[in-house]
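Chain naming follows the written order as A, B, C, D, E and F, and within any one chain the residues start at number 1.
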Amino acid sequence: MGGKPKTMLIGEDGLRHDGRKPDEMRPIKMQVGVLANASGSAIVEYGRTRVLAAVYGPREPHQRFMVLPDRAILRVRYHMAPFSTSERKSPAPSRREIELSKVIREALEDVVLLSEYPRTAIDVYLEVLQADGGTRVAGVTAASLALADAGVPMKALVAGVAVGKVGGILVLDVDELEDSKGEADMPVAAAPDIGLVTMFQLNGVLSEDELERGLSMALTAIENIVSMEKEALKRKFEAIGEEV
Amino acid sequence: MGGKPKTMLIGEDGLRHDGRKPDEMRPIKMQVGVLANASGSAIVEYGRTRVLAAVYGPREPHQRFMVLPDRAILRVRYHMAPFSTSERKSPAPSRREIELSKVIREALEDVVLLSEYPRTAIDVYLEVLQADGGTRVAGVTAASLALADAGVPMKALVAGVAVGKVGGILVLDVDELEDSKGEADMPVAAAPDIGLVTMFQLNGVLSEDELERGLSMALTAIENIVSMEKEALKRKFEAIGEEV
Amino acid sequence: MGGKPKTMLIGEDGLRHDGRKPDEMRPIKMQVGVLANASGSAIVEYGRTRVLAAVYGPREPHQRFMVLPDRAILRVRYHMAPFSTSERKSPAPSRREIELSKVIREALEDVVLLSEYPRTAIDVYLEVLQADGGTRVAGVTAASLALADAGVPMKALVAGVAVGKVGGILVLDVDELEDSKGEADMPVAAAPDIGLVTMFQLNGVLSEDELERGLSMALTAIENIVSMEKEALKRKFEAIGEEV
Amino acid sequence: MSITPFKMPVIPIIKKQAYLSLYEKGLREDGRRLDKPRNIEVKVGVLEKAEGSALVKLGNTQVLVGVKAEVGQPFKDTPDQGVLVVHAESVPLASPIFEPGPPDENAIELARVVDRSLREVKAVDLESLVIRAGEKVWNLWVDIYVLDHDGNLFDASMLAAMAALETTTLRDYEELETGEIVVKRESPGAKLKVNHKVVTVTTAKIGNYIIVDPNFEEEIIADYRLVLAFDENMRIVGAQKTGSGGMTLKDFKTALKTSKEVAQIYFKALEQALTSGSTQWAEQK
Amino acid sequence: MSITPFKMPVIPIIKKQAYLSLYEKGLREDGRRLDKPRNIEVKVGVLEKAEGSALVKLGNTQVLVGVKAEVGQPFKDTPDQGVLVVHAESVPLASPIFEPGPPDENAIELARVVDRSLREVKAVDLESLVIRAGEKVWNLWVDIYVLDHDGNLFDASMLAAMAALETTTLRDYEELETGEIVVKRESPGAKLKVNHKVVTVTTAKIGNYIIVDPNFEEEIIADYRLVLAFDENMRIVGAQKTGSGGMTLKDFKTALKTSKEVAQIYFKALEQALTSGSTQWAEQK
Amino acid sequence: MSITPFKMPVIPIIKKQAYLSLYEKGLREDGRRLDKPRNIEVKVGVLEKAEGSALVKLGNTQVLVGVKAEVGQPFKDTPDQGVLVVHAESVPLASPIFEPGPPDENAIELARVVDRSLREVKAVDLESLVIRAGEKVWNLWVDIYVLDHDGNLFDASMLAAMAALETTTLRDYEELETGEIVVKRESPGAKLKVNHKVVTVTTAKIGNYIIVDPNFEEEIIADYRLVLAFDENMRIVGAQKTGSGGMTLKDFKTALKTSKEVAQIYFKALEQALTSGSTQWAEQK
């Protein structure tokens, strides 16, 4: 949250340190079905941020008491590869990873039709392969794709993006530099097709007006990302069609 | 166990560093029923030492194999709050806390009528909120009150006190300074109504004569503390009577 | 693997730093039935290396799901006493001990007639009391004796020895100094009576020819050690005979 | 790994309809209106050996916070700042659903939300904690200790943390010739410099209703909770949706409006505790 | 404690006879001959933030290795050498048999076999990693990340580790007056000095057959596997029998012969990846 | 959390009546009288690489103690003293009731009672362990290793610890110009300075009887055990009631009287071992 380098974050031309406009996302790439063992999988890139998701299940959990009689339970692990960060990260789960696993699980739980699979577990494993800001929201996007790829029925697709405030200006899809030097970072995930915000966090300081504008900025971007998700899923099923 | 500051521990007037006579306890405070969720609870103060006790049960244990066919099992945790000590204590259980949990469990086990509740567990949780010497014996006193408050049937009430030796003199209810600078610390717990010593430890060096005199000094004090326990329990039931 | 002190490892007389010839083992001692509680036990010494083995079982495992319907499972723990090494070893299992537990289990698994005891566990506990090179292979020898002492049926006895390369020469039964300063350490275990190599590792660099010569050097030695095992077992049963 | 809670008490779920019927009349089981918090008690200075402390009761919820200050090293990338650590323990005496062991995901989330709400707005003046830049700084440990859990640990913990920090003093110390810092344990010390006051307000979505300061049973039946942190200038200095339900924009705006009003009540309770001065634990009797 | 695996998938065991019938004809389920490895893809430079990286696909097995270089201290007994650490994680997304948690005995064995095969032959020039002897050296972390487990993690991991090390660069750094080393994160840096190339070749004994590069099902039904490490001069620089079956001398010699041939195939795949230069992950699409 | 033992062997409980009938006749299952310990064997110097070691057999109970001395730092508050650490492991080869894992409450209690009995009377001269005050001192690790558990681990461990300490030597060392201390591993070294000899005597209350040196089955059926530590001047230098039964004052006095007598037997066994000199493990055969 240092003050000095703010001039670097937004240039005199109103562009960000990497040349983006305030409401411009980094290049997004998505691909589903990238792993053979998992029931479903996806890799998602937001710029240099790269998250791999795998879904196993619905399946009987290893610990058999860990079930609910009327629906599946969801188990989510957000984990960072040791080489994903500038300084090597210890592979033991940090407090941050424990919190984010919970926040991501809660961002998915309302859209998955858990009642279809009572007494089972659906496991979502996220591995951050490279971290450059926005890993939790890219993780939600990857998880949504992997769940769809696994054929798990969902009310709607989910996607996420983080809005930040740097040099007094609201910006879309903050990267690591903007996150660490900016004034606020607000990760949001939503299922636009059913009008629900499923992840909402604010780390930083915003006025009420900024909060509402930032949220709406995020929701517009999320609609676009969900469209890209649909494209990516379509690409896969077309590819399968061609093979058949 | 250094020698230099002994003159400070017992003054020329025969009084201790805080003005107490050798056989004088610190001010004791007790209150039962201080927590809403627990089946029974109590807070006990010996001077600045302050221990909170909660009892849950008799109840089915989380791990169902952890039972005995003919009686309840007792589970005791003695734990220090991180802010209870001069230097912050890590919340992970230390070897000392593990030993004291055992010693306190064994100080209670013979007075609780465990055979009344086969196949259940009775949980006693002790939190040292402030540590100034005598935490384990204040803990036994608090546990005894919380068990009574929970309505767990007992043969007798238990209480504890530590006798020490400082500057060659036996003293009652040692505080942290006396414990760390003195020659011996002997924590004792007993159920005077049934004539049983239920905790007995000696850390330090005593002659056989000192040992026997110290033990009898402790037992006299414990009788008084048990009387105070009865008062505290009476106060609560009177208060309930008034409310009704 | 330093280069300087190689001259020390093999003297001008062709003898090793402790006076042994290249294909000479250290003095070996073995004794079975050294513990009262265990179903079977043995202590084995290769020079100053000293390993104690105990076998419990076949018995019902503590975790009852941990069984196989058609045979016993084998559970092996290789552990070093804190005082066994030059610098005190932490008693928590190291990565090395975890790997060696696996390697030793696999060195025993093919000779124990596990199918005789379905739904049970056979536990083999190895404690390295003093470590001076070759602890894993002395451990296999001790485990083999303890299993026989416990009356667990086996296809054949197993024994182990490590071959090394120091100063360009293949040597038998490397000790700690030779292991740490030499060019290669190759631990081998085998059941010569059935012609099977059950442990085979190479840490170091060998030519194909050296590898094959080293392996054959190890197998010859192992035959001798197995003979000594038979002697040690005979001694015990004779002793029992005398007592009766 | 975060797992859907699968061992929740069933009673509240059975009572859900009863709760909803009451909400329709604008009331709650304990007679509160939907937008009112429970009774608040804040006591400061309840521990003598901690550098700061406060006990907060929010209805039946009790949270004790102790602040310890120790001389330590700064982080490498912030040599000119002290270190603030917020830690929360779910000690098993507080609730039948807590078990002994390291903090679970709920306790970690609690500590991290309180931490961020303090940190991002620079509530504690970390620069003032430097003893010798780059080498020796005060490490402030804010330990949240839940004693009795009847819901809304966020707001109770934030109130207790804030009250404890506002009354924290840093012991005097001496610098030896060797450079070592010796703390004078018995000194009264100087007051910790606090730049901003922060409270969080938690609302819960239950059925079609948004209620404030949920108790334990209300938390169980809630779709989600929204925790909003405010400073004394009513800037939003932190937020967290917690719980698995999705949130509409409309509900978000309603919750924000209600939360702003309740924040004033919390700030007032905090102010009263701080002006009424130190309170002994013994008075609790 | 090492325990006989008691939760193995049963399908492969049922299929064992079918496998053996195929082997008798010199073939395997995927059409391979007994002594041929699966299709090999090696991509280097797939991560921008790691100092070195490679993704290897061996059939359906996928292993990602990232190399991180950090300034640290040397070991006390090797003050004139850098530090090399090899670590492997069995992340649960790679296989239904992996569970979250610290590395199990298989992951530890994998890391230690790769480590020794690099270390004993001095594949990495640890002397060149010294920044200031006895005080500051590069610590090289080689993290093996299994992404998809279809057998033969040893060979795939060794290939990925070797390819990652061969393309690792050490950032430029500056030595401050205080003696501190400041790494220039954005610098391209100098290539890590690698003395030897190493590959491992894994064969498996199934029935009376010795096959190379077993897939997951073949590993389940194998009596044992033999891992042999070779350097570019075809010296044997490491070996490990893994699995509980005993090995005859005859089988050992057969396996050694086959392994030497397959080592050449691996070396060739490695060479191609290194000469074809850096490859973006995105091309994976 | 300490839990009432719920997995105890049942045989001893069934045999309790038989034991009591014997006690009435003044006898025990193995022919001993109530106030007599089992056969004691103390062997010192059984390990070459440890700085001190002893193997004690008390009936079928076998305890091995190794002492390691390492150069380390003193504790901050005792800069002019070495460091003594007592640690006990219940390795699973010693008993079917021991499981692999970190020390449980019984092993921790064992180590702490031995530790305090040595520490409070200053049995080891910690001042003589200082190499350079405030900076470098000897750290003495006393590792208690139970090899065969047939009851009364306290007395056997204390005997083994005492015998090991009495025969411990501190290696010679050299101080480099850099201030580093280099230990000469192969030197014979100087004898550790021991101020006091300490033994513990354990009695058990079973039915109406007080017996000394209980074996494993007697421990299972005992109401409690009383561990009393004595120095050579018969001062009481430590005490611990262990087990869940309550103790009358009368029983305490009886136990104290018996324990004083048995202490002499232990001291004698210790003395014999120390004067008969070093004993090789091999002689055990």
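Throughout what follows, a contact is a pair of C-beta atoms (placed from the backbone, for glycine too) under 8 Å apart; a residue touches a chain by one contact, two chains touch by 3 or more.
Predicted model only: the values in this text are computed from it and were never measured.
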Completion exercise
Those chains that touch subunit E and also touch subunit C are none
Problem - Chain-contact steps, minimal, separating subunit F from subunit A - result: 3
Problem - Least hop count linking subunit B to subunit F through chains in contact - result: 1
Problem - Farthest chain (mean CA position) relative to subunit D - result: C
Fill in the blank from the handout: Per the C-alpha fit, the turn needed to bring subunit D onto subunit F (nearest 5 degrees) is 120
Practice task
Please name the chain that ends up farthest from subunit B once chain centres are defined by their CA atoms averaged.
Solution key: E
Handout entry: subunit C and subunit F, separation of their C-alpha mean positions in angstrom
Key = 31
Handout entry: Between subunit E and subunit F, centroid-to-centroid distance (C-alpha), Å
Key = 48
Practice task
Round to the nearest whole Å and give the separation of the Cα centres of subunit A and subunit C.
Solution key: 52
Handout entry: Sites on subunit B at which at least two other chains make contact
Key = 77
Exercise for the section: Enumerate the residues of subunit D that touch no fewer than two other chains. Expected result: 1, 100
Exercise for the section: For this assembly, give the contact graph shape among line, ring, star, complete and other. Expected result: ring
Handout entry: Direction subunit D, origin subunit A - full chain order round the ring
Key = A, D, B, F, C, E
Exercise for the section: In the complex, go through subunit A and note every residue touching subunit E. Expected result: 29, 31, 34-38, 41, 43, 45, 48, 50, 52-54, 56, 59, 62, 77, 79, 81-88, 91-92, 123, 125-127, 129-132
Completion exercise
In their shared complex, subunit C is touched by residues of subunit F numbered 47-50, 53, 60, 62, 64, 66-68, 70, 87, 89, 91-96, 99-100, 102, 141, 143, 145, 147-150, 185, 281-282, 284-285
Exercise for the section: Could you please specify the touching residues of subunit F with respect to subunit B in the complex? Expected result: 1-4, 6, 105-106, 108-109, 111-112, 116, 120-122, 223-224, 226, 231, 234-249, 252-253, 256
Exercise for the section: Using the touch definition up top, name the residues of subunit A that touch subunit D in the complex. Expected result: 1, 66-68, 73-77, 95-96, 98-99, 101-106, 109-111, 114, 184, 186, 190-191, 194-208, 211-212, 215, 219
